[in-house]
Every structure is written in C-alpha cells, then in structure tokens.
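Consider the two complexes below, in which subunit A is the common component and subunit B and subunit C are the respective partners.
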Partner chain A sequence: MIIFDLLGMLLTAYFVGFLYYGLYRNITARFQRRIGPTVLQSFFDSIKFFSKDESTSHGWMFYLGPVIMTTGAVMTLFFIPFFYESESFRGLSQYGNLFVVLYLIMLGPLGNAMGVGVSGSPFAAMGITRGLTRMFAMELPFYIAVIALMSINHSADIATIAANQTTINAFAYPLLFIGALFSFIAMMGNSPFDVVGAPVEVYSGPAAEFSGKFLGLLMSQSSIMSFAKLVLMVNLFLGGAGGFIELLVKTFILFLFVIAFGSIYGRFKTPQSVDFLVKVPTAIAVAGLLLATLGGQ
Partner chain B sequence: MQEGFIKEGFTQESLLDETHLKEQKQMESDLNSDTSHQSSVDYLMNWFRKRSIFVLAYGTGCGAIEMPPTFTSRYDAERLGIRGAATPRQADVIIVSGYCSYKTLRRIIRTYEQMSNPKYVLALGSCTINGGMYWDSYNTIKKLEEYLPVDMYVNGCMPRPESILEGFIALQKEIAEGKASSWQKYEENYEFYRKNQEAVLGSKVAPAYDADWYLYDGGL
Partner chain C sequence: MRMFTIVISILTLYGVLDLSVAPASWHMDLAKIGLENIAIGVHATALSNFFALLVAMSFMIISITTYHYKLSKGFYFLLYLLTASLMLIVYSADYLLFFIGWEVMSITTYLLLSYTLTYKALVKYIIFAMASAMSLLAAIVILYSGAHSFLYADAHHAYTALSSTLQTVFVVLMLFALFVKLGMIGLHYWLVDSYSQSHDFFTPFLSAVISKMAVYALIVLLVQVIDIAALPNTWIVYTLALTGLMSSIIANFKALNEDSIKRVLAYSSIAQLGYIVTVLSFADGMSGALYHSLIHTLVKLLLFINVAGIIYMTSKSKFSELGGLIYRMPQSFVMLLIGIIVLAGMPPLAGFASKYLIYNTLLEHGNLLILSAMMFSSASAFLYIYKLIYGIYLGHPTSKKLESIQEVPLMFLIPQYLLSAILVIIGTFPGLLTGYFNTILVELGIKQLPQEGISVLATQNGSYNGFIVIAAFMVVFMLVLLILLSLRSKVKEAKDRFDIAYCGEVPNEGTHLHYGYSMGKELKRVGFIATILKNSSSHFYEYLSKQLFAFATFFRKIYSGNLSVNFNIAMIFLLVLLLWGLK
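Now for the complex of A and B:
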C-alpha cells in the first residue's frame, strides 16, 4: 500500500530530522565547551509552538506561506527513494525523476516568499530577498554536478544513479562532489551561507512575523526538508543505502560534516556568498563535468 | 544555589567535568513540581512549555549586561531549554532588565502585546520591584507590576547570572504547575493596567490591546 509507504517515509523524516537538529544543537554546544540542550530539544520546541496561540494575522495568503512550504518539503521527500533496490520506502519516485525533485526543492521557498510578502515586515522581506539571491548562486554548481551525473548514468532516475555506483560517486568524481557539497551546505542553510535567517541581522528573516502554530509548522518542514536533502545527497554521491542503518550512518556523517564546517566559519555577507558560490564551487563543478564527460569517451 | 556553583565550577579546566554535571542534575531536579491537580493534556502541554522557553531579552537598564553570560558558554542557559528569540512573535518570556524610563515603558508595552499567548514576564533587579536607586526619579516607573503583569522577580542590584538562572527555574516550575498565568491577568484587568499606563504616558500611550484580534479587521 503506497499510503503506508508514504506515511512511513514522512514519520521517519520527521523524527530523524528532529533528532538530527537536536544533535546539531548539542554538538555545536560541545564545540563551544558547554553542555547544551538535550537531543530532543528541537522536538520540544516544535510541540511547544503547536500549543501556543497566534498573535497576528495578515490575511489568508500569510497563512498559506508555511502551508506551501510544508507541501514543498513533503513532496520533495516523497519523490526521493530511501533505498536503491527496495519495494518499500520508495514513495512516488517511480512517477518522477531528478528533474521533479530539483523543481520541488525550490517550490517551498518561492511559495513562502508570497506569504511573507503580504506581512509587510521589512525584515521578512530582506530575508526573502537574501534567500532568493543566494538560491540563484547555489543552484549553479549543484545543477552542473547533477547534470554531469545524469549524463554519465544516461538516466535521471535517482534509484538508478544510486545503484550504478561501483566506486561511490564522491570518490569516482571528486570534483563534482566538492562542487555540489558547497551548494549542499548552502541548501542546508548552514554557515558560512546562512544569510537568510540570520537572527542578529534580519531577526530570523522570513520567519519574523510568524508565531505559534505556523512557526511550529515551519520548524517541522525544515527538519523534514533537511532529511530529504540529506537522503538525496547520499543517493547521488555516497552510493545510496541498502537498509536503514546504512542510510542513517551515511546521512549522519554528511550532517556531521555540515555542522563541523558551519562551526568553523563565520557568516558571509550576501554578496560575498553569491560571489563565492558563483566562482569557486562552480569552477570546480565545471572542471569535474569536463573531466567526467571527456574522460568517459 | 549550590555552593559548588560559585566555588568550584566554571574554570576553564573544569568545564563538562563531574561537578558541572552534578550541578546540572541538581538544577533539573529543582524543576520537579506538583502537577497532580492537572489533566493529563494540560500536564503534557505545560511540560513542553517548561522545557522550551524562548526569551526576548529587552535591555532596558544595567541588568542587560548580565544576560549575555547567562545565555552564552559560561552559564549556558540552553541546557535548561532556555534560548534567545529573534522577534516578539516567537518569544515566550520577556525580560525587563532593570529600571525603565517612561520612554522605554512604551516600547516594552508594545513589545509585550505583540507576543503570543501564553507569555510571561521576568523582571530583573530592585528597580522593577520598587524603583531601587531611582526611587525619586522624575522619569522612571517605580513598580513594573502596575503597568504589566509580572510572573517572576529576580532580586538584586544587579542579579548575577546564577540568580537569573534560578529565577528561570522558579518560573519553569510555575509554568509546569500551571500557575504562571499573568497573560490572563492582563486581559482580565486590562482597564487597571491601561489606566496606569495612561497616567504616565499621557497621549503617547500605545493603541488599545485586542486580545481578540481575529474578530476584527485584518483577522481571518
């Protein structure tokens, strides 16, 4: 039954996502030599927000913002298979390929931009502007890497790309992997590319006007989306996963790398992050693309 | 608070050692509270509210200087689930940190009214209790509770981060027991607070507070 399959995927992403975010805060705390919150802290936060009232309204479009964003996250998750050769936990992936996923990843932020726009909050508008500016830059190296993978495998099917790796793609095509990894750090909203929700600059940016249940919804979608992106990256570059344990280990290693990277570097300004993403990772990814396609002939 | 907190803890070498962890356990056991009179749903909701507190640290006076150490590595309030909030919409607790002039009071009231229910007020220092050293000042308020409902006072001039943490633990205990309900008090006795606010702010008082905003223009 596909319904149970989808529900299983959603619940896994929800709980593992929150667990990872709890670990993120805990590990960052250890980096800073303090005890830090419990692993379930992010989960507590989200439940607390669901138990609060809203304090404001800017009309129905304002409320649709988080809903569209959550829809985007959940749909992205459904089109990414968890395992490369398994009947279960593959969701809707047989109905849509990598192109659909790349489109859906961008759907949420664009929908949220409309919802946030009607709130009229200058900080929210600044956050959205920063997000969209960064998005154009971070898509570039990631898309180049993904296009290269698709042309190498002669397929846009995620499960096929995941299953086709005798040596995992990260080692077989290191330049593509490095280029995509920079984009991935930006996609996860991590330092040094965390310009969108910077709390001391734009007061949490797009989330500035949201309170109560809608903030809880935004937190939930962000943990689901993070897990979806981690699974996508594992499928594309780390050889996919045959079972749950392999999936958790691989996603966690990737996540740990992103955390560690973010703990070391400070935040770029928006133009700096765009400059960097358009120059360095893009150049690396283009070099990887040329090497992979020319070397194959 | 415990003796070890001041004497032994928090030298660079002893971070994350046994003393520190013992202290953490002590503080968490302080959180145990009498919740027998609540229904199970209320109990659960209050438990989550207790464990997750987003703080809007409003630096009105000298007390603001005690807040950065409370929230950063040295005293690490995040281990009790207490962390800073970026905007009033996301906050649960507003800290009024010290004396407030009339000019600041206006902003505090506007900020407090933007927060979403349930919300709590934590007042730092003697100045918020009885005026403190500003007892005869011409432009500061003397008792904060005449203008806003206060859930918890932290005494001192200024209270150290240890006291602030203890104030938070006391507040968390009240939240868990369902006793921290100042936002209801504000809505029920709004005329009283409004009268006091108008008396000091005159024509510059904030627009009237609608707890039932969703029934009016701009609502659903």
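Now for the complex of A and C:
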C-alpha cells in the first residue's frame, strides 16, 4: 500500500530529521567547547511550540505560508526514493524525475515567502530577499553537477542514477561532487551561507513574525526537508543505500561534514556568498562536467 | 462598440476553430494579371491553425476587458485591422502575403501605440519596426532570386539554389528581422518602453500575441526554409542558442532594477521568448517551443490583465506606490499567484510542463552547459517574480487611498478566471495536448512526443505525472492544514498592520515599512550582475543617433535650403557628369 509507504517515509524523515537537528546543536556546541543541549531538545522544543496557548496571525495568507512550506518539504521527500532497488520506501518517485525534485525543493520557500510578505514585517521581507538572492546562486553549481550526472547516466531517474554507481560518483567525479557540495552546504542553510536566517545578530529572517504553532510547523518541516536533501545527495553522489543502516550511516557522514564545515568558517554577506558561489564552486563544477563528458568519449 | 468587439472576437474564434477541423487552402497565380512568376496563396496548416488559435483566443479575452475602458472607434477599428493582419501572417502560404501582413501589423501597432506612447518611445518603436520590415523584405527578395517563387512550398528549393554567401546574408537578414520583433537582448531597445507605455488593455495583446508572430515566422524559417534538422552544429544553431540564452539571463537580471510593474513584465517576456529561441535551435525542440508559446501566451494575458485591473482601480503603476492590497483584492491576488507560479515554472501548474520539455530537449542533445545556464536563469527569475507579488499585494499600503480600495470589476476577473482555469487544467493533465502538438509535429516532419495518457507528459528521457503531483500536493496540503487547525493552540489575529515585531519599537503611520519592493537592487554589489545592470544597449543607440545627427548637421551645411547653393551643387554635379561623359 502506497499510503503506508509514504507514511513510513514521512515518519522516518521526521524523527531522523529531529535527531540530526539535535545532534547538530550538540556537535556545534562541542566545537565551541560547550556541552550543549540534549539530543532530543529540538524535538521537545517543537512539541512545546505546538502546544502554546496563543499564536499571532496576519490573515489567511499568513496561515497558508507555513502550510505550503511544509507541503513543499513533504512533497520533496515523497519524490526521492530512499533505496535504489527496494520496492518499498520509494514513494512517488516513479511519477516524477530529478527535474521535478529540483523544482519541488524551491516550492516550499516560495510559498512561505507569501506568508512572510503578508505579515508586513520589513525585516522578515529582508530575510526573504536574502534567501531568494542566495537561492539562484546556490542552485547553479548543483544544477551543473546534477545535469552532468543525468547526461552520464542517460536518465533523469534518481533510483537509476543511484544504482548505476560501481565506484560511487563522489570518487568517480570528484570535481562535480565538490562543486555540488558547496551548494549543498548552502541548501542546508549552514555557515558560511547562513545569512538568510542570520540567527544571532540581526532581528530578521523569514521566521521573524512566526510564533507558537506556526514556528513549530516550520521547525518540523525544516527537519523533514534536511533529511530529504541528505537522502537526495546520498542517492546522487554517495552510491545510494540498500538498507536503513547504510542510509543512516551515509546521511550522517554527510551531515557531520556539513556541520564541521559550518563550525569552522565564518558567515558571508549575501553579495559575497553570491559572488563566491557563482565563481569558485561553479568553476569547479564546470571543470568536472567537461572532464566527465569529454573524457568519456 | 464593446459588445460588437466581443461578438466579432467570438466569431473569429469560431472561424479559426472551424478551419482547424476542415483544412482549406487557396492559391492564385498572378500571371493572369500580368505578373509573371508570382503565385500567392493562403492555407490552413496545423501550425498556422495553432498560432491563429492563439491570436483568436487572446483577441476574445482582451475584448472582454475593453468593457471598462472608453476607447475611440478608431482604436477598435485598428484593433480589428491588426487581428486581420495577424491572421494574414499565420495563414499565408507565401512570403509575399506574409510580408504584407507583417507590414500592416507593424503599422497598425504603431498607430495603436500612438494613443498613449511618448514621442521618444514611439520613434524608437517605428525605427525598429521599419528596420525589421526592410530587412525582412530584403531577405525575401534574396530568397525569391533562388527559385523565382514566393511560396513556402518552394522555399527550401530556393534556399539551396542560393550561393553560400547569399544563404548567409539571407539568414542574417531574416534573423535580424525576427529578433527585433522578439526583442532579443540588444534589439529590445524599443520593446520595454512600448510595452510599459501602451494602453493597459492593449499590452496583453502586444506581449501575448504579436511576439508570437515572430516565433511562428522563426519556425517557418527554420523548418520549411533552412531545414535545421539537416544542419546540426552550424553557426545558425549556435547563434540561436546563445542569443536566446543571453536574452533570458540578461533580461531576468535587468527586471530586478525596475520599479514599474509593466516594465518588469516586459523584461520577463524577453526572457521567456529567449527560452523559446534557444530550444528552437534543435529541430525536435519544436514541441517545447510550441508548448512554451502556448503557456507564455496564457500566462502573459493573465498577468497583464491582472496588472491592468490594479492600474484601473488605483491609477498607480509602480511598486513603490502600491502594496498591501491582498485583503482588499483577494481574488486578484489569487489570480496573480497562479500566474506567477506558472511564470516561475513550478511543478503543480502548467509552467513546469513546457519547461520540462525544453530541459529534456537540451539534455538529450547533450548541451549541458546551455541547460545549466538556462536553469540558472530560470531560478534567478524568482526574485523579480516574488517582487511582482510582494510589491503589489503584500507588505504595507504606501498611501491612505490604498486602504479603501475595492476588488477589481467583474469584467477584469472573468478573463483571469478563464485563463487560470486553463493553466490549472493543463498543469494537471500535461499530456492533454500531446496529441494536438503531435499533429503539428507530423506535418513538419519532426519526431513526435510519446503519448502515455493525459496526465503524463512523456519525453524520450522519462516522464512525469502531472495529476499525481497536483493530487499529492492537494492531499498533503489539506492534511497539514487540518493538523494545524486541530491543534489546541488558539490563533489571535494581529490588531492592525503595525502589530509586528519591529526591533522593540512601535511603528506608526509615518514609518516607512514597504521598502521591500526595491528588493534585488543590492545585487549591484555582485560583480557580474553589476556589469549586466550597468551596461545597456541604449548607450550604443544613443551614440548611433548622436553620430547620425552630426552627419545630418554636416549634410545640412551643403543642402542648406538656400536656392543659390542648391543651384551651385546641381551645376557642379552636371559638370562632373559632363567630364565623365567626355572621357
């Protein structure tokens, strides 16, 4: 039954996502020589947000913003198969290929942008501008790498690309992987590309107006989305996964790398991050694409 | 007059639909009236029916919106004449009638624009339109010299009979003429001003239909005259691909810098046509080009009519003067939301279907860098697309007047409902039109699209199921909404629009809160975007006009209008002739 399949995917992503988010806070704390919160703290936080007595709303569009964002995250998850050969946990991936996923990733943030815009907070709109600006720059190296993979495998199907790797793509096409990895760090909203949320020093960012259950929903979708992106990256570059253990190990390694990278480097300003992303990772990815496609002939 | 226009438009649509069912053609040899070697004709092929359908449909839709405008009889008459000339362009079977249609189109557009355009914008338009027409005429004459026939049927024969130099000249002239009409970057100097200053009710037609005539002409040129399928990797292919790509990237960034809504949409038109031109460089990109032409026509009608409604109600046309209209105009907001989702090419709606075809064509041909650049361009469009909805409907109202505005009148909403319904249906069933497009592709002798049912859009590389995507989206959306609503936590509406988190301060009437409309301007700090924004073709054209003026001033010194000077010049001229004759 596809319903149970989808439910299974959703629950896995939800809990693993929160687990990873907790680990993120914990590991970052260790990098900074703090002890940090317990691993389940983020999960408790989201439950607390959901059970708040009151949350402020700015009309129906404000209400729909987080809902569309969550829908976008869940849809992205459904179109990415967890395992390359299994009949289960492949969700709706046979009904849409990588092009659909690449666009679904952007659906949520755009939907939420409507909710943020209607709240009328100029600082929140500032966060959206930063997000959209960073978005097109961060997509470029990722697109190049993904398109190269699609061309090499003669398929835009994620499961096929995952299954086709005798040596995993990260080693077979290292330049493509490095280029895509920069984008991936930005997509995960991690430093040095985390100016959108700018959680510490500026009272801004898309979440500025959301409170109570809206914030809880945004937190939940963020963990689902993070896990979906990790699975996508594992499928494309790390050889996919045959079972749950492999999936968890591979996603965790990738996640650990992203955290470590983010803990070391400082934050770019928006124009700086755009400038960096369209230059260095893009050049690496283009070189990788040329090597991969011309070398094959 | 308004009802008459609606009746005429419905009759036109009926006529076009009737022709699509029963194909017809008419030919005439002008030798009978003393013009040897000239045959003209009209025919209703599947391709011309498709474009005629776009014209008739757009004509009908904009004639509904005329209900609220007081336009002179002359305006209506010119509109009918324009539509007739467009029909002549798409139905003609030879380049002679095509040119007549093209010329009438350019002139009637000029006259229609002359109602509202400033002198400068009007001069820009007519110079470019005439340059386009003259270059088209020259190209047609060159082609005629090949086989002494204007008919499309002989065109490929005529083209191959030309010497290779003449072939190059022909293609360059032809592409120049069409690129001017498409407003490809560098030749778009006239377009943005004309679009933004034209009458609000006429702009949808201008963007949705008139630019499509150039797409039609380009398809005829590439398929029936040059036969692009037989010439992969020639300079023609690269010119098309790169021109389209550069146009879409540059126009998308240029749109960021604009404050006027209609100027943003004008740049967006350039970008979308850029995708079409790029994909037309491959013969089997025709399916994507046709699909995208249809979607672009529908979505630009929707967006421009929406904007016309806003301008009608508020008489403001800039982002900096609007804002916060969402709860005053909820229906218009939803229509614009559908419009921008399609324009962005997001999956649940129709915009994704045509982009999907375009991307797949590029992937199949291994043009990976062009594909990456095009997807990048498409992603960079999100910024102005968001600005479009934020600047008008979200944020805060910028003046007192906007707080008491009403929803736009029904006659603006009816066409928008119609268009967005079509866009949603096509998005849900992207394979619905595959059969129809295949009839056109068969006629042009191009590889067909695979058919796998109405909800699946299939290509050689794979398929996606529009119905599953939209159904899953709706189900997940409803479930999440239900969960959110069923939570114990209460929702408190904000007191007023100033009830926001604002760094611990309390904003009031005097606080400027709607500055988000200028989003994207900070991108000037990024190197390559600054280069795009700083440089403009207007510098070149201004330089050109300055030089022309200098030449005219010099010429005026000789040809001063003084009779004795003229007489002297004539005498010198005669003397020269005499000396030459004696020698």
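Criterion: the second predicted complex is superposed on the first by the 290 of 297 C-alpha atoms of A that agree within 3 Å, B and C clash if a C-alpha of one lies under 4 Å from a C-alpha of the other, contacts with A are read in each partner's own complex, and residues count from 1 in each chain.
Going forward, a contact is a pair of C-beta atoms (placed from the backbone, for glycine too) under 8 Å apart; a residue touches a chain by one contact, two chains touch by 3 or more.
The shown structure was predicted, so the numbers you read here are calculated from the model rather than taken from an experiment.
Residue contacts after overlaying the shared chain place A:R25 against subunit B, while subunit C stays out of touching range.
When the two complexes are overlaid on their common chain A, residue A:S57 makes contact with subunit B and with subunit C alike.
After overlaying the two complexes on the shared chain, residue contacts for A:F136 are found with subunit C alone; subunit B is out of touch. In the superposition on chain A, A:E209 contacts both subunit B and subunit C.
Residue contacts after overlaying the shared chain place A:Q41 against subunit B, while subunit C stays out of touching range.
Between subunit B and subunit C, it is C that contacts the larger number of residues in subunit A. In the overlay built on the shared chain, the residue A:R33 is in contact with subunit B alone; subunit C does not reach it.
Residues common to the contacts of subunit A with subunit B and with subunit C across the two structures: 51-59, 123, 203, 208-209, 212. Every residue of subunit A that touches subunit B in the complex is listed here, in rising order: 25, 29-30, 32-38, 41, 44-45, 47-48, 51-60, 123, 199, 203-204, 207-212, 215. Subunit C meets subunit A in the complex at residues 324, 326-327, 333, 337, 344-347, 352, 356, 359-360, 363, 366, 368-369, 371-372, 375-376, 379-380, 382-383, 386, 389-390, 393-396, 461-465, 468-469, 472-473, 476-477, 480-481, 484, 487-494, 497, 499-503, 513-516, 519-520, 522-523, 525-529. Per the touch definition, subunit A reaches subunit C in the complex via residues 50-59, 61, 63-64, 66-68, 70-71, 74-75, 78, 92, 95-97, 99-100, 102-104, 106-107, 110, 113-114, 117-123, 125-126, 128-129, 132-133, 135-136, 139-140, 143-144, 147-148, 150-151, 154-157, 203, 208-209, 212-213, 217, 270-271, 274-275, 278, 286, 289, 293. Considering their complex, residues 15-16, 20-21, 24, 45, 48-49, 51-52, 54, 73, 76, 78-79, 81, 83-84, 86-90, 92, 114-118, 213-214, 218-220 of subunit B touch subunit A.
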